[in-house]
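Structures for review follow.
Below are two complexes that have chain A in common, paired first with chain B and then with chain C.
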Partner chain A sequence: MKKTPIIILITVTLLAGLLLGAKMIQVKGSDTMVNLVQILAEEYMDKNPGTPIAVLGGGSGTGITGLINQTCDIANTSRDIRPKEIDQAWDKGVSPKPFVVAVDGLSIVVNEKNPVEQLTVAQVGAMYRGEIKNWQAVGGGKQAVSLYGRQSNSGTYVFMQEFVLGNKNYSTDMKEMNGNAQILEGILQDEGAVGYVGVGYLFDETGQVRKGIKILKISKEPNGTGYLPTDKAAVDSGAYPIARPLYMATNGKPKGAVAAFLQWIVGPEGQAIVEREGFFTIGEGKYKAANDKNFK
Partner chain B sequence: MRKVLRKVTDFVLGLLMLPMVSVMSLMGQTPATPPPQTFSATVYLDYRYYLSQNGPVTLKPANPATAYLDNQFIFRRAYFTYENKISDNLKFRFRLDADNTANVTGVSLTGTPPSGTSTTRDDKLRPFMKHLYLEYSNFLIPKMVLNVGMIETLTFKPAEERWGLRSVAKTLVDGYRDITKKDIASTSADIGVTLKYSIAKYFRMAAGYYNGAAFSKAENDQYKEIELQAQITPIAGFSIVGYYDYERKLPVTAFPLETEPTLATYKVDAFFEMIKGLVIGAEWFVHRSDLNQTSGEKYDVGGWSVFGRYAVKPDKLQLFARYDSYNPSSLDTGLDTTLLIAGFDWAPYSSTWRLQPNVWFQSYTDGLRYNASATKNSDIVFNLTFFLSF
Partner chain C sequence: MRHKKWSSFKESAIKALFFTSGILAVLVLLGVFLTLFTTAIPAFREVKLTEFLGNSNWDPTSPEKAEYGLLSMIVSTLLVTGGAMVLAVPIGVGVAAYLSDVAHWRVREILKPIVEILAGIPSVVVGFLGIVLFGPAIAKLFNVGNGLNALNGSILLAVMALPTIISISEDSLNAVPRAYSEASLALGASRWQTLVRVKLPAGLSGIIAAVMLGMGRAIGETMTVLMATGNARSFPNSIFDAVRTMTANIAIELGEVPYYTTHYYALFVIGLILFLMTFAVNLVAELVLHKYQEREQ
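What follows is the complex of A and B.
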């Protein structure tokens, strides 16, 4: 009978130890990356049951804000961190360290009934700026261009604006969708639609390109060779012109469980999942070198 | 040069667009997808209880036994804000603010305002215009921001952002008059322009040029106020902000020797945010005016403040404390007032709905305000503050 309080005390201490020891890694940010990082987290947790990880979307801007306000451990971002955000972070004692975890061929997608097969970067930019309003102007049918894009807190929105629209404003006619899936949904219903999504969203569960959509080839110059975002060699070589790195950013050099999780993602196991989910691996070149530098 | 000219042209076109958008709306010809617009409201509501035996600092009724304002509900602030993101670089803001037309602690129960205040018991919570401006980001060069219109001044902003509890109390200079009942030429908004530029994460600077008559007021003399501010952040999480403002005023008959009176404020802030969840800040300032004189002798107005807040659970629970020292006259330490604030900020459901119970310990010399005898008093005021934002 006298042992009961001791047993209770030991049990409470062990439970408390487990709870305190199992600090959850909070990951927040890019909607382009949310599915990929969720799958990475699930597989990592299967192998490391002592490391709980929670992954939320909300857009790259939301993730970076979370990192600045220290409400998350890792920010997923599909764009570079802006100078203004670096200033804000610096004020609050946060030094963001971005790690490239995958490469995305940002894909320009239309309805499968659209006869257009290829566009230049300049043509895509002109469409999204509202300067090209009809598909006839780019070799298509007599059909109004219907623009589908993301909201301004999306890293993809910012990346497109910077690298495709030449830092000009989007047309006010663009429909601002909540996520990649919503953009694809819009394209399926709209024959005049054009949208941009991460390459990982082009495939269904069987690994086939989703029915009802067409991926356009993109060339750098008029009459130049067009490439598909699904062409790994073209993305790696830079021949596909709108590829981008996807980042997971931490506050300073990552430590402990966060460092272990990131090391696993950029290692062979994590990169195999990146490839399986339709994105491209970081390879052995400049992205790996940058990651190695940030881990040190 | 062409690039600069184009930016200026963009900005002028932006300004011209505003009335055009209004006219288009009236004609029912709005664009297919209007620019992103947001409406928001923020409300600070207090249940305030004076625990002091002597009555609240700014209310000393003739007969405390019969007229004692010991508790009340107060809407201290209600903001209504409309923002329109005209383009990625151009934003428009319209903000209405509402509070009692004078500090609520100056309310008289008898209908006769206490000395130095103008409020009677019939005063209503009334809206007034607080902000009406255009903000142009990346103006001329990246990371340069231009604001034009009825805009936020530079004076309080850095400290207010770090204190982060405007619903609990204004920062040192902003709340100076409320606490001491002594006028200070400082305002949170004014009509004019500000230009801010971040050279690097280590160094930022800003300048302002205003009427100097405060928000919702027309210019009252030919002189303008200038503000200059510089922030140095040598290491992540540690910042020092220096601030200076200057304005010339019209002469007043009370001080005939001051033919060209001037006002100036010097302010230094320091902020420490190097530990996760912890913010520590300090403010010091001195305000010099040729019109602050007692028996022909000029005096400075000044004060300092230290504050800290710690997020026990981010977005859910934080603890805070602050100590202010107000020195309304460098010639008379009898006017000195101190204020200690402590409490916690709790968001039980979401960050848009918060409870912020807090206690104010205020120490002052009562006799120099309303009574003949100068006696040291201390007030203890409990506030249950409700913060609502939607």
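What follows is the complex of A and C.
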């Protein structure tokens, strides 16, 4: 009996050694991507038990900062890495290489009781800049516009600001929510609400669009044809105006387990999961070409 | 002889231990203050104090022009905290008076632990209640579009400050010497008169200290307000506006801010102001409590 503590001690030491020995891939960043990458990681780990992968959210900015400070191996980001961030990375000897893993149609969502069906990109921009304050101005009922958005650490926040607001300031009246799910929660209860979320968040577990919300059609020009972000063909062709690539970035050319994981994601198995989770695949065009270049 | 030596050694060892722990607490406080101060100072190289305190627009990541005004956030913090106190003080003091004077001892034995359990509810849970329960209720009751506003934050912070206020107020009411209320009752005053005109004034400094400590808790609370107040950066015009408090702003931005930039230092300026505010409130509470204890002796 006296030997029991020693045996336990040895077992614990061995286990700890094993755990520390196996190199864990740390993935951090975009909240829009966290669910998708988590599922990708789980399926990949099922097939490759030797590679533990940990996926964290926190926002694209958090992920990129992590990559720069080398606290993660892969940064998920739903926006381009800014020149300023690349400079900071170079200063620390880090050279970020982004890979497109999926395409996201950013959807503009309102309460189902709102009669508006379609907006132009310019109208959405004007609402978020605080220039349009009532739904009447865009053909809706007499109701104040109540803006819902993300916080400044979110890639979605930055993407909207660049592509829809024309690099102008957000209205300070915008309610800044903690994530896509909280934006939807707000819209469900607020008849004057408008919010922006990634397409992956529009569906419930059964694949149906969530109850209580309405996705708006978006057109480029006034009186132009509007498209839904759930329309794959429109997103692929660029007819849906608010779409963006989602990246996973590594420090330098990926090697070993990290490279294998990324190759698997952009390959047929990974892309099938991307599609199943409500995002769009990277296709055979420019994104694939850019990825291939970065892998070499 | 040997025994005596050992026990005197033990005594001085324990004394030293307590002294070190006391000094350690002071050192930690000083350390926190110095870190905040030295990290906040570089912000003033690029941003003037008048901009921090005079401008109401905070937008450090703006693509147009970075702005560092804290006025909206300071006012929002005071608005939410003030609202919480308006709600929590009457209820808190009322419950304390009920517990110490009116309640049957059996009721008190049940109620007091329940109030103390209230203090242990994690702030995320309170914040979640704000989103799913108080938010929709406020929207319906006051016929506003949504309930993510200063009022929601105030209600939640009042819930969180109540245990402190009740607990310390009740202690101070109980500490009023029995002779006071006995004398008052003997002179023919009713129990209500005794409570309002004798016991409450006698325990007033303790009650003020309780309110101050509750307020300190409310000012510093982060998660609850982050979840329930909407975090809009605009200057609040009413309690039905979405507001962003100083704590929420630090929580939102510190995770993503590039290190050693003006934005990074400016967040520490907010932290410093917040620290000074809670420090002042706690100091007042301590002074009042001290004065009250002195008078007792």
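Points worth noting:
Operating definition for what follows: the second predicted complex is superposed on the first by the 275 of 296 C-alpha atoms of A that agree within 3 Å, B and C clash if a C-alpha of one lies under 4 Å from a C-alpha of the other, contacts with A are read in each partner's own complex, and residues count from 1 in each chain.
As a convention for this text, a contact is a pair of C-beta atoms (placed from the backbone, for glycine too) under 8 Å apart; a residue touches a chain by one contact, two chains touch by 3 or more.
Fair warning: this is a prediction, and the values are worked out from it, not measured in the lab.
Aligning the two structures on chain A places chain B and chain C in a clash.
Residue contacts after overlaying the shared chain place A:Asn294 against neither chain B nor chain C. In the superposition on chain A, contact of A:Pro83 is made with chain B only, not with chain C. In the superposed model, A:Gln189 lies in contact with chain C only, and not with chain B. One of chain B and chain C touches more residues of chain A, and that partner is C.
When both complexes are overlaid on chain A, the residue A:Asp173 reaches chain B and chain C alike. After overlaying the two complexes on the shared chain, residue contacts for A:Ser152 are found with chain B and with chain C alike. Of the two partner chains placed by superposition, only chain C is touched by A:Thr65; chain B is not.
In the superposition on chain A, A:Gln161 contacts both chain B and chain C. Residue contacts after overlaying the shared chain place A:Lys92 against chain B, while chain C stays out of touching range.
Of 99-107, 171-179 or 261-269, the segment of chain C running into chain B after the two structures are fitted on chain A is 261-269.
Taken together, the two structures place residues 84, 152, 161, 169, 172-176 of chain A in contact with chain B in one case and with chain C in the other.
Interface of chain B with chain A (complex): residues 31-36, 85, 87-88, 142-143, 198, 201-202, 204, 233, 236-239, 271, 273-277, 314-315. Contact residues of chain C toward chain A in the complex are 57, 59, 61-64, 72, 131, 135-136, 139, 145-148, 226-227, 230-235, 242, 244, 252-253, 255-256, 258-259. Contact residues of chain A toward chain C in the complex are 58-59, 61-62, 65, 84-85, 88, 143-144, 146, 151-153, 158, 161-162, 167-178, 182, 185-186, 189-193. Interface residues of chain A, counted against chain B in their complex, comprise 69-71, 83-84, 86-87, 89-95, 152, 161, 169, 172-176.
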